[in-house]
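Each structure below is given as structure tokens.
Shared between the two complexes below is subunit A, which has subunit B as its partner in the first and subunit C in the second.
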Partner chain A sequence: MSTTEVSPTARPATVPGEGPAPARRPRTFEQANRRLKWTMLAPALLFVGLMIVFPLVYTLDLSLTDAFGAVNAGRTYVGLQNFTDALGDTRRFWPAAQRTLVFTVGAVILETVLGLALAMLMRKPFRGMRWVRTVLIIPLLTTPVAIGILWLLILDPTNGIANHLLAGVGLPRQEFLGSVSQSLPTLMLIDVWQWTPMMTLLLLAGLTTLPEEPEEAARVDGANGWQRFRHVVLPMLGPTLATALVLRAVDALKTFDILYATKGAGGGSDFEVETLNVYAYGLTFDYQEYGLAAAVLVLFTLFIVGVVVLLRRRGGRKTA
Partner chain B sequence: MSTSSQLLSRRSFGRLAAGVAGAAGMGALGACTTRGGRPSADTPLRIMAINHVWSQAIRRRTKEFEERIGRRVSMTLLTADQLASSYNVKLNASGTDVDVMMVRALQEQLLFAHNGWLADLSDRVTQDEDFAWPDFQKAPREASLTAGKVLSVPVVTERPALYYRKDLVEGVGGPPRTLEALMSAAQELTEKKKGFYGFVGRGQRSGAVSQWSSFLYSHGGDFVVGGRSGIGSPEALAAYAYYGRLLSRTGPPGATNMSLEQAMPIFAQGKAAFYIDADAIYSSFLDPKVSTVRETVGFAPFPAGPAGARPHNIPSWSLGISEFSLLRDDAWEFVKWAAGPEVTADLQKDGIPGARGSVWSDPESLASFPPDLAEAMRLNAERGLGYDRPRVLQVGRARDIVGRPLVAGILGNDVRPVARDADAEFADFLVRDNRHKES
Partner chain C sequence: MSATVTPVPVRAHLRRRTALSWLRGITIAAVTLVFALPLVWMFAAAFKTNVQVTDPSVGLWFNPTLENFRSIVEAGQILRSMGNSLLVGVVSTVLSAVIAVPAAWAVGRFDMRRTGSLILVARIVPAISLLVPWYYLFARMGLVGSYTVLILSQMFVSVPLIMWIMISFFAGLPVELEEAARTDGLSAFGAFWRISLPLAAPGTATASLLAFVFSWNNFMFALIFADDRTQTVPVTLFNFISYASTDWGGLMAAATLITVPVVLAAVLGQKYLVAGLTSGATKG
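Right, the complex of A and B next:
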């Protein structure tokens, strides 16, 4: 059967004096399908445009201006001045960047180690496993603001139950979130409490998909438990571990709600938990410095992208 | 089924989808369009307010007002931070869904005026004789003015009160009249090992500034002196050192994380001998549901420092009308009613301190306050200054700078180097703030 190739844009020629042009030929299925595809995509594209592209472009635009007070008030383009100001700010910006990194690295390492340990323990079915899994999910389902308030009450230096318990076992009272030096470590531990279960569940899912033969072979060869874990299980779990690490690290970098719920605006009295997110919020809502805040957010976004690229490269190298 | 009919149905579906998406997009954009339009009779008058005893009392009476104007009233009560953030978001978008705004004249008014968010009420307050604008106390009335325009009407006033435990001060010579006496009494009564503290007060960097202002003035200092930073002056250093010493030696643990919400319960639960905070919250200590000290709490005026007793006397909350409101006349009717002589007197009889001079001179309206509190309020109002924070455009930033040496003091550190650094930062800030004002 012969087929005639028809250009999608070709139209039948009309020769003067030879009567009316022939009726338009129906489009091919591929043509119709192509048009339909774009039609179906349109709402999603519109949504992405309105909700993601526009805010990003607007933030970038704002970061190049001296916008202050009201975003719709008159503003002047100041080039990269806001970026220079932010990067030259050793009182707030750099300490906030450092805290962001300390919080993320500390919390994610602890969550990964604990999550992996729990996942290994839960790898083999045991009695009451369903209950354990249900309990594990509870912190994940609770909103961070509720968690913040809950821990604030538990850790209250004067009336909280934590100090009563410490006193009960003869340990000295602690200030926890009331202290300038203890606040960040305390918040990291709260983050670990909330997010270790997610790491456990992700890594457990990865562990259950691993083939049993390599480990079995290592056992026959006389490898002990640690050797099997170190040289067989861990390399095979690499891709899952890398994905879990990237997901959690990005989320930890962006932490805001629990910091705000426990320490309020400004990140505590000595800025002790002021991360880049908290700093940008303060610049926007407390200081109304929209231009500078936008520049900080752009730098923060670049920082997150940098961390993700770094983690993916390292993850990729390990799993290669 | 033929291809053409399939195509037709796909095309129709495609058009429908595009139409729906377009309509949704236009709808979303339409929702953002805020200017113009005529509100219908069903549109409620929207009031945004702080969750405060004043707004709760007003909310209980809104039926009366709704009947008066024939329009429904929708009142949203939020915390101070939430309220500030909501204004930021809504007014930055020129939203018409706020009519009456409860604002802090000393915190937000200058900035809102700079942004053009508050309607000018000058003609309305002065032309309506029944409203009796001159009846408002001088300091709150002056705080309502920005660039010669009345932008808000004060409804709640505040001074610092010294709350103390009557059962404990007997042994230390009664309620302290000076800051020096307060320090020694607080030290004498502190028993940290037993979880009892001589003094409790705000210690948060920004939150403590407004209460600390009375300590600053009473030491002879001020935030700005002759247009320049005053927080590096010897008087300010003495006030920083005093407050830091008071809280670090006699205060509870975690004081640097304490604002009103954290400090007040410690006194209410009988764990502190002295507490200095706004007089408007006195009822919290008389409420059996939250207080264990209702039988033993006493009230005294702010103690005198080296420069005498110079507390603040401020309009803590005022009512303004959004520049973008489409119901300005009804909004004004609300302000007129809620800040009017009748409602102010009624609320003051319920123990909510108002801003009208007439109600303060009416013994009946003061009868609801405990006698020692009424006397403390009267004395503090007489001696008070009309502001409790730097009078600048970016009050939040100013408070963050001014509060840093305070925290250093509470942590038991030397305040001098921190105050020197904060003084330099505040001086730079004042230059920038002036530049913003002129822009």
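Right, the complex of A and C next:
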């Protein structure tokens, strides 16, 4: 890229401690940087404007029309019709919203509790830490579709190793992803398998930044392990915990890949794992109901932003 | 659990501590195995015959065969898809870094939290809400199926991700370094280019590696915007499920092929990747 802004004449002439900068550059450091910072931000802002803000506004526009079928087809404005249709739809929309919430709340709570327990266990350095961290990071980086089909194999009702192991300890055979009622809980458990390590790593990073003195003081005062955790470590870890929770909740709300890879379009024959994400995807690309899909997406986005604001505020109050 | 504070004879106390640390070690090992075993199972299945894959009593001890890999490579699409994923991943990551690193410098250096969070909104917005208008617009422009659209859509993930990691990185670099460079006659941009950017190289590498991995893994954008020619690995894998659902060996071999680069990255860059994934969360 361009290195030409490095002024070639000024550099060799200036010896450290020689005196003020040459008069030909009267701008102060801050002034020059103030101009520069907007130059540096411009490409990112342009990208965000073109690829994010404009499409979002376009979605809003699309949600007010009857766009359907071919993308070149004409569309007319129908006001809030799509929104009333979506909000009045108790067959697909509301169950999908409910599943989204159940999936997110269930998975995130489990991941937080397990992640925190594991982080506390791993808090003091031990031999093999490096390898444990490597193992923990792999599920986070693995292609979700690969994870989906891997679990399809493991949880296969007839030939899967999971049922083989269950039988080994005398438990009844399970259908897992093969059944309507077990699919969503099973997918929550897969999500827990994939994302608990993320919670552990985040909380472990948070734990290592905590000062040791308050805990030592509590120990001297006679607090036991649980009391020290509950009344000293947990409050100090609050901000990290809140951030990790928001991050994970936002991603869990948007889960798509594994749901779609294991259960296909519509989230299964009975829509059993159809979350808002899967529903909106189907509306757009299977049914080409662009107008209605856009309305669902506006509602979905508002929902996510609402969750973030709510969690942020609660997290903030807790830390204040 | 509560024993460490009650006064016990030193020896019993020590024995108890040793026992506890053993218990801790065993628990950590067991939990780690739970996270590792499913993937070990996948790698093992990739080297099994189709009869062995669907026989759960065949554990991890069997005669490995490369037959599954041979058949999926001969089928053709997988290598082509890996090439496509590599291309889309590298180009989108490089372009994203060029856009995001200077922006992160500006946000981190001048503490522009408001502007920063505006860009990070992209972290919150569901990709699907952009996919619909993108599809609508790109389809009208006749761009669906092109590498351009795959790369552009992937940048939606990469730009905020790289910014997210780099903002805290630049915020942590002492501003005095740049001020000193300025008094030595470098321009403002020169100070960034010659001083801060090289210092931020490790962070940039981490962020770029993560961005590449996320691109390699991305399913939704590729499902919509790729055609047979530009298909990336997750889509190829997904298509395998419907075309060859009985060929578990082939499926696992394909899954293994596309997971190996990720595992290698994790093993080699574990420390940096963890730092990258957790930065922002602990500082922001």
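Everything below uses one rule, namely that the second predicted complex is superposed on the first by the 278 of 320 C-alpha atoms of A that agree within 3 Å, B and C clash if a C-alpha of one lies under 4 Å from a C-alpha of the other, contacts with A are read in each partner's own complex, and residues count from 1 in each chain.
Criterion: contacts are C-beta pairs under 8 Å (C-beta built on N, C-alpha and C of every residue); 3 or more make two chains touch, one makes a residue touch a chain.
Not measured: the values here are computed from a predicted model.
Within the superposed three-chain model, A:G266 lies in touch with subunit B and out of touch with subunit C [touch as defined at top].
Once the two complexes are laid over each other on the shared chain, residue contacts for A:L302 go to neither subunit B nor subunit C.
Contacts of A:L234 after superposition: neither subunit B nor subunit C is touched. Within the superposed three-chain model, A:L171 lies out of touch with both subunit B and subunit C [touch as defined at top]. Of the two partner chains, subunit C is the only one that A:G222 touches; subunit B does not reach it. Put subunit B and subunit C next to each other and count what each touches on subunit A; the higher total goes to C.
In the superposition on chain A, contact is made by A:L36 with both subunit B and subunit C.
Once chain A of one complex is fitted onto chain A of the other, the partner contacts of A:V113 are absent, as it touches neither subunit B nor subunit C. In the superposition on chain A, A:I154 makes contact with subunit C only, not with subunit B.
Touch criterion met: A:N72 reaches subunit B and subunit C at once. Once the two complexes are overlaid on chain A, the subunit A residues touched by subunit B in the first and by subunit C in the second are 29, 32, 35-36, 39-40, 43, 71-72, 156, 159, 284-285.
Contacts from subunit C toward subunit A in the complex involve residues 1-2, 4-5, 24-25, 27-28, 31-32, 34-36, 38-39, 41-42, 45, 53-57, 98-100, 102-103, 105-107, 109-110, 112, 115, 118-119, 121-137, 139-140, 152, 155-156, 159, 163, 179, 182-190, 192-194, 213, 216-217, 219-220, 224, 233-234, 237-238, 240-241, 248, 251-252, 255, 258-259, 262-263, 265-267, 270-271, 273-274, 277-278, 281-282, 284. Residues 26-27, 29, 32, 35-36, 39-40, 42-43, 46, 50, 68-74, 91, 156-159, 173, 175-180, 183, 263-266, 268-270, 282, 284-288 of subunit A are the ones touching subunit B in the complex. Across the complex, subunit A meets subunit C through its residues 1, 3, 5-7, 10-11, 13-14, 16, 21, 29, 32-33, 35-41, 43-45, 47-48, 51-52, 54-56, 58-59, 62, 67, 71-72, 118, 121-122, 126, 130-146, 149-154, 156, 159-161, 163-164, 193, 196-198, 201-202, 205-206, 209, 219, 222-226, 240, 243-244, 247, 250, 253-254, 256-257, 260-261, 277, 280-281, 284-285, 290, 293-294, 297-298, 300-301, 304-305, 308. Put simply, subunit B touches subunit A in their complex at residues 3-4, 6-7, 10-11, 13-15, 17-18, 20-21, 24-25, 28, 81, 84-85, 88, 91-94, 111, 114-117, 195, 203-207, 252-259, 265-266, 269, 271, 393-394, 396-397, 400, 403-404, 407, 410-411, 425, 436, 439.
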